[in-house]
Amino acid sequence: MRFKISTKGFNDIVDITGEVATALKYSKIKDGICVVFCPGSTVGLTTIEAEPNLIEDFKEFLEKLVPSNRPYRHDRTWGEANAFSHILSALIKPFLVIPVEDGKLILGTWQQVVLVDFDSRPREREILIKVIGK
Amino acid sequence: MRFKISTKGFNDIVDITGEVATALKYSKIKDGICVVFCPGSTVGLTTIEAEPNLIEDFKEFLEKLVPSNRPYRHDRTWGEANAFSHILSALIKPFLVIPVEDGKLILGTWQQVVLVDFDSRPREREILIKVIGK
Amino acid sequence: MRFKISTKGFNDIVDITGEVATALKYSKIKDGICVVFCPGSTVGLTTIEAEPNLIEDFKEFLEKLVPSNRPYRHDRTWGEANAFSHILSALIKPFLVIPVEDGKLILGTWQQVVLVDFDSRPREREILIKVIGK
């Protein structure tokens, strides 16, 4: 199963828990694992409490860790100035594995599934869901 | 399968290799993958050589990377002062996938499975094990 | 399935996309997931655009994040001076999960599968591939 979302880029964080839960429901699998994957080298998937203040804290952390406004060698290769996006994607990685029981994602009370778009421009992203189990 | 452990919080690192191996044994699966997941947004799972000096090095690294003693926006939301815990959890993520052969986890000689509790207080954590294969 | 590669250590980054694709082909599985795992506590697996300038940017980032030339407690344990390698491995982790459709890895256009050898010396690394599906 696949679904698409739009992002603003620049470490935009989008809560996709609902979309993932819907895809899981369609799979009719009750017990196993749900793999969430976003093809691309400037994007990441993780879980976080998707609370606005924390989202801002996390974005600030990412910007400090890999600043977007300094020069990188990669920026000379394509002229896209998104080396920071690639570095963050290689660090966070664009996949998650979540357990499934009774046909539901097992997540903590304050734990949401989020896509982080590190790219330096708005993007449309396609997310793949693979549910393995019975 | 599930098991519980107690942690001290503040980047406490607990070796859970034995518990994971025991859960794998109960599954009776000989070949496939073992998914380890801890529900929650202030916890992480990874592998490391669980040697006391290295554990201290890793804890020092985590504290420098996301200091626990500076203000964050999230701390104003709930008054829990654990924004650093959430940021580290979003970075390290609370899951692992480990190959299984001959009914055993395939790990390096110096590689243990550890839970890192980033939260700002002692916690009881529940770990889920999903073994997929035959 | 397993295959071996040689690395130079010191954050050497090796593109293993072709080897993983070959192992997937041998599995004859058309739809599911491909788990890539490298046993060890001084190695990581991730995806990145394996372009020489970006590879240098990522290596520079890793060296800044966890400097190899400062003292760590672990270095006193074994005298190997590779604590930085262990810290980076615990952060990046040595596994990946990639979706499989029509017998092929689903990756972005500019997304390659790479092994990063954080160790402080050349190594031979064995990579395990587990393909789950049908």
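Chains: A, B and C, in written order; residue numbering restarts at 1 for each.
Note that in this section contacts are C-beta pairs under 8 Å (C-beta built on N, C-alpha and C of every residue); 3 or more make two chains touch, one makes a residue touch a chain.
All of these numbers come straight from a predicted model, not from anything done at the bench.
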| item | value |
| --- | --- |
| Chain copies touching (chain A, chain B) - same or different residues, decided at half shared | different |
| Rotational angle, Cα trace of chain B fitted to chain C, multiple of 5° | 120 |
| Separation of mean Cα positions, chain B and chain A [Å, integer] | 20 |
| Where chain A touches two or more other chains at once, by residue number | 65, 91, 97, 132 |
| Complex interface listing, chain B residues touching chain C | 32-33, 46-49, 51, 53-54, 56-58, 61, 65, 91-92, 96-99, 106-108, 110-111, 132-133 |
| Residues of chain C touching chain B in the complex | 35, 37, 39-41, 65-66, 72-74, 76-77, 83, 86-87, 89-91, 93-95, 97, 128, 130, 132 |
